[in-house]
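Presented sequentially are two complexes of chain A, the first with chain B as partner and the second with chain C.
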Partner chain A sequence: MATVTKAAPAASDEKELLISGSEAVAEGLALADIDVVTGYPIRPYDTVIQAIAKKIANGQLVAEYIVAEGEHSQFEIVKHASTVGARVFCGSSGVGWAYAMECLVVTPPLRVPMVCLVGNRALDDPGAFGVEHNDALFVRDLGWMLCWIDTSQEAIDTTLIAYRVAEDRRVFLPLAISADGAFLTHSQALTLVPPKEKVDKFLPRYDRGDLLLHPDNPITVAPQANEDWVIEIRRQNDEAMKRAVTVIEEAYADFRKVFGRGPENPWFEEYMTDDADVILVGMGTISLPMKVGIRNLRAQGKKVGLVRLRWFRPFPTEKLVKVLSKAKAIGVVDRDYSFGSPFHSGVVANEIRAALYNAEKRPPLLAFICGLGGREVTLEDVYKATDLCYNAANSGKSEAKTLWLGVRE
Partner chain B sequence: MSALIVEVVYRGIFQKNLAARIARGIVLSARKSGRWGIAFGRYGDSPQRNGIPAKDFAIVADTKEELEQNMARYEPKHTDVTVVLDDTLSKGVESWAWYGLQPINRLTVPNGTVLMTSVQPFEGLLKDIHKRDSPYKLSLLRAKASFSGLWVHKEDHTEARILGALAKIAPHFLTLDGVSQAIQEIEWGSDLKVASARKAFERLETREVKITEGNSEIPYSFEMPKWWEMREGVTIPAIPIGKPKEGGQGYVPERNPYFKKFTTRTMRPVIDFDTCVKCNLCWISCPDSVFDVMPDGTFDAAMEACCGCGVCEAVCPVEHCITMVNEAAFEDNASQWDMWRKDKAAYKTWLLAKIGDKATTVRSHGFRFRGQYEQELVADLEQGGVEIAAGIPGENAAHKTRNVQGGSSIVTGVAEAPGA
Partner chain C sequence: MADATTFTNDTQILEPFRGIKKVTIEEYFTSGHRTCQGCESALVMKLMVKASGPRTIVLGSTGCMYVANTTYYTTPWVVPWMHTQLGSSGSAALGTAAGLKALMKKGKMKSEPINVIAFCGDGGGADMGLNGISATLTHKDYNCLILLYDNESYANTDIQLSGMTPYGANTTFSPPGKTHRIIHKRWKKNMAGMMAAGHPECRYVATVCASYAVEMMNKVRRALTIGGPTFIHSLDPCPKGWDYDPMLSHELGELAIETGIFPLYEMEDGELRYYGKTKAIVDGRARKPVREYLLKQGRFAHFTEEDLAYFQEKIDEMWDKWEVPGVVPFKRTDAAKAAPSQK
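Here is the complex of A and B:
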């Protein structure tokens, strides 16, 4: 339940609400004035659908709200709505996202700027609600833009930025915002909600232009093609993803201009990295125990910093390498797994290893897997990771293995 | 020559099983003399589309290494033998993929062989086959195109005859004994089929084709767009609305600028503009928007778009106004209406000649009466091919297959057919 607090910051035209990450996304969707939204319940994603339903019921948002018979249909419906010019929203979690996979695959080549929320959830089996990032990562190779948010504030802000980026004609790619189940989707925090007039200055209307499916613009979408055409279509997608880099940077710069807040660096948050010997890397709400742990470690004289990766696709290779190269050791903490991958590491660790391959200075890198299935990431986990990173910094060697933290053994 | 590369050019649906069996038969025959081989279809083709030209390939080599050099391809870069299962493919190959029009002898190596089943004379075929800059051989098996249905293999020994002919053309790889042995061992093999192969070996007609011979038309082609020239979002624009034909009269629809159907059809409509009642039915019914509305209200069929389905003939209410005629009877794709307007009397003469030749107006798809298969089989074996088989079970078919004057080898209808 959103309640306006009385102690809203002075000199701000934004109202302060106590809302969850999912509710913050819904606030963003109302401000973005979405046209079509589809729903099919799965925890933790269903919280955003409930919040949108309430907004429509209360008359705060006018949109087609379509209850689909499953995730597959859910994503097909918004895909088609988007091709006729509607601003759309959809989403899912865990195996629900997996069930929609066929539709998720076809969305990027059709250049549909769908914005989704993935409430990150462990993949069944075992049936579980807790957070793991493997669900959203399913689409990492397919032309989906992927970002991870950390707070309710980032949820609403990123929702607005997401439409601005996805619907840019240079991009026209789907974008999934990932929010950790429970820690973000179900936790309420004080959040600034900007006025509609400001949002209208930041977010233009969705214009599908020459790709609009309309009697006045007769086109065929998605015809069959053979080997003479497919690789060119893939190359187009590749170029759109490359162009997204510029568009994302423009969007964050404009966001700061219009709303007077927001990060300077869209790609990742740096916490105490300037003088850090050891830099830990993670995505999502894992930043919280890490920041607290880092503060405690700093009190003991240990120079530890954090890079919280916000954007995973497009991957900020050069910028990340520039920051990480400065460290004496890097510890990548994955809240996901990639069984049988190089060094049996998580996805992020292997992406960063690959990113560092051409770097002039490659610090030792330790890979950690932590917090799976919603397991709490503790301060002890952070301390242990840091100690191991210091050992690697001293020896100057990467360990060719992956360490699991917080697992009973 | 240490490898033999053969392409089998066929028409989608009707001949896809035939082509596959020939490609397999080549490999299995060559295996009898210790060769290695593979058989495959061009994966980018769509052999499930009616009449669309498509290709199968067989490659046999002395060693596995030589074989590997020619594998993992959609299409070999050159072929020693080009087998053509329908002589209307002489006009070229436009597959389902948008490649433009490829001459039938495009891949055939210098002094290689184009092997075709046809009852046409060499000279008739050379009016259609494109000229090229190196000589080659044209070999003919006297037989009509073997058309079957969707999943059906028409068991008329065409595969055995092709294999027998190949034993003559490429004896280093396919001996007649090897072919005979393979035919006997493969599915539905029989002594009769072996006899068919041996007769084909003996009867194969071959002549050299000089570089001066052939159709001098420049085959239709286009350049494939670059990735950044293509529309995004896997979209293609609708075909724009057309324009009046001339002087604000008539209507010519816009058509796909890349995908033409010059060689997709085995028959084309011939139109009598004098008897046309301007009812629009052909124009409405045509699935490919083939018909241009002419300034006088009649309808001309644009050959770049016609796939030869015959719907126009079937719906036309006027007898002999639209008649489907075999592609072999035509040497160009010129407008019939233009010809008619220029000289109506000459056009009438031309039209009557075209639609009056029963050998080219009866369709070869399927059988018309019980026992026809056995009859044709005997004729093929004993006489070196039948001239014609009878036609379509269609509304207008009856008047074309009855009351034929003096057509000795033409099957003249259900009632008179033996064993009906």
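Here is the complex of A and C:
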């Protein structure tokens, strides 16, 4: 009855390892043969650097490995390494990502295909290690491609796909892979690791082409433009992000061809949405309590489904609208906040409201904020959200306010 | 593209120019910029790449030498050049060097020594970018030079004071007023001394002034030849920020040395060598009074005798009381007190 994404049977040439999300990213990085990697300590993303450092120490990866003195330098170092043709990786979490903000701003217009891991973490203050998505969402308007992963399998697969997409000459934009702090970065699961020969078939070498900074190609990069040219440069970024849509679809199709697994729909995972009255929407590991809750609700005869959004930039507007329009009510559960925004909703809820604005059929949409700072999202939260969505479905109206779930009030 | 050449971390061997007539004729920083008349920093750029030669990548952090040099659709740079953020000269140098090294080591790029130079102004280098430069100077496996062109203010943004602006100078952020004649009361940072003293594995730190062009170019060549991360501090008179007739740039550079305000030296593998007129001062030649230098500049026009005396006193201290004159500001201790057992 419903679409369930299933992993294809393990191809015999893949290793199966019990590894965390961060370790899975590191496996992907070794297979992608990255050239320069920079680290700076902050939890929880730092586990990926720990895993890479071990790989380098053990000779499983040859790369220049630099521990920077802050995130600003951490991101600048790889930015510059990328301009001379190196495949690069770095990452951060929470306020560390914020400390690198200036560098995050300049990377897309320089057309640097940097790949990063954001181990999503609540922003200070107060200090907190737990997951919130606001850190990665900082860059949502700047030309960064953003995706959220849910499992360690998706972590390694998305790492390979990320380089393929970012380094495609039609795109040349940075890409941040978001992984929920602790729930994914630190949680182990069985993960298929493909052989290098297959990866080489899927992932070509990074070729910076005529943008290469090298004495054989003496170009001047990023001269001062002012009002004469800035808007045209912005427009080029816009076109690159639009082209990324096709490139992402090609990459996933090719991934399935080469590795024999991976989702048909790159953009989001649908779980029991085919006949759903109520569709819940979320990003990242929130899918686990949601899927369990949905199974329980279905046992009671409630037709509930889940859309787990994988890609946030580029945003899969038409595809998402097509699926969500079928529902009688939509409940968007944000693991982030956007104080003072329309209806005081989270970021994802307002993006989806905007996406639906011109749709022929606009079901009532309820916005929820849940699980901030790593607070556990419980089955009760899922049931409550579903009940409220059913009320809206029955009345045909959405409450123009945002409901916080699982918060002491 | 991939040449499986054997990788070595060697640098280019750039022998010193033996006199002005032996300097190469080729220019790698040419027309196409719009710096001010009398701009010493533009001359520093020109000499810097003349010294390094064509197999060089230059990274420029935000500042005059970005904005005034590289206007979209025109560039004075014959060598590859890239902008980097205001506080990023250290990380730009490191990242570029690391990228080249990784690709050459892995056989993904033809192996050859390529000079990497990142420049920064005094604001970008001594203020915002200090931590990045400091970190880079500890990465001894990467060959790169950081050149600080010090015109003693944020000269690109309207002449605001930086951590390198001299005591008392009139800047748009430190205008002399009726109640407070002196707004800027901080003493200038000792950048080259700090870099040399604080980074034991940085093999080469030098100070230069473009008034002494051959010496300046040879220090750049030495830094690039020695390899590892190296640092050069250049004092650049700035007609706009210092408020003087553009024809005096060269003369003010000389006066900065002759008054002992800016010492010329190099530190190579821990060994200190003074240069030119600085060496003469160390050897006992009298320094010119600082007023000869200060009063030629509008930025000190509000100075009273008292201010001039204070400035002179601080410079005297640098030469008469510092353990390593002009370089390290540890005061000389009374020999008897410090080492009573010595003869």
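In the analysis below, the second predicted complex is superposed on the first by the 398 of 409 C-alpha atoms of A that agree within 3 Å, B and C clash if a C-alpha of one lies under 4 Å from a C-alpha of the other, contacts with A are read in each partner's own complex, and residues count from 1 in each chain.
Basically, a residue touches a chain if its C-beta (ideal position, glycine included) is under 8 Å from a C-beta of that chain, and two chains touch if they have at least 3 such contacts.
Model, not experiment: these values are computed from the prediction.
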{"item": "Touched partner set for A:Arg235, first chain B, second chain C, both or neither", "value": "first"}
{"item": "Partner chain(s) touched by A:Gly85 [first = chain B, second = chain C, both, neither]", "value": "second"}
{"item": "Dominant toucher of chain A (residue count), chain B or chain C", "value": "C"}
{"item": "First, second, both or neither for A:Asn58, with chain B first and chain C second", "value": "neither"}
{"item": "First, second, both or neither for A:Asn226, with chain B first and chain C second", "value": "both"}
{"item": "Touching partner for A:Pro218 - first (chain B), second (chain C), both, neither", "value": "both"}
{"item": "Touched partner set for A:Gln300, first chain B, second chain C, both or neither", "value": "neither"}
{"item": "Touched partner set for A:Val36, first chain B, second chain C, both or neither", "value": "second"}
{"item": "Chain B versus chain C as contact partner of A:Gly70, first or second or both or neither", "value": "second"}
{"item": "Intersection of chain A interface sets (partners chain B, chain C)", "value": "218-223, 225-226, 228-229"}
{"item": "List of chain A residues in touch with chain B within their complex", "value": "109-112, 172, 210-211, 218-223, 225-229, 231-233, 235-236, 239-240"}
{"item": "Complex interface listing, chain B residues touching chain A", "value": "43-44, 74, 96-99, 224-228, 230-238"}
{"item": "Interfacial residue positions of chain A with respect to chain C in the complex", "value": "33, 35-36, 62-64, 66, 68-70, 72-74, 76-86, 88, 102-103, 106, 205, 213-215, 217-226, 228-229"}
{"item": "Chain C - residues contacting chain A, complex", "value": "54-57, 59, 66-67, 70-75, 77-85, 87-88, 90-92, 94-96, 98-103, 105-106, 108-109, 114, 131-132, 134-135, 139"}
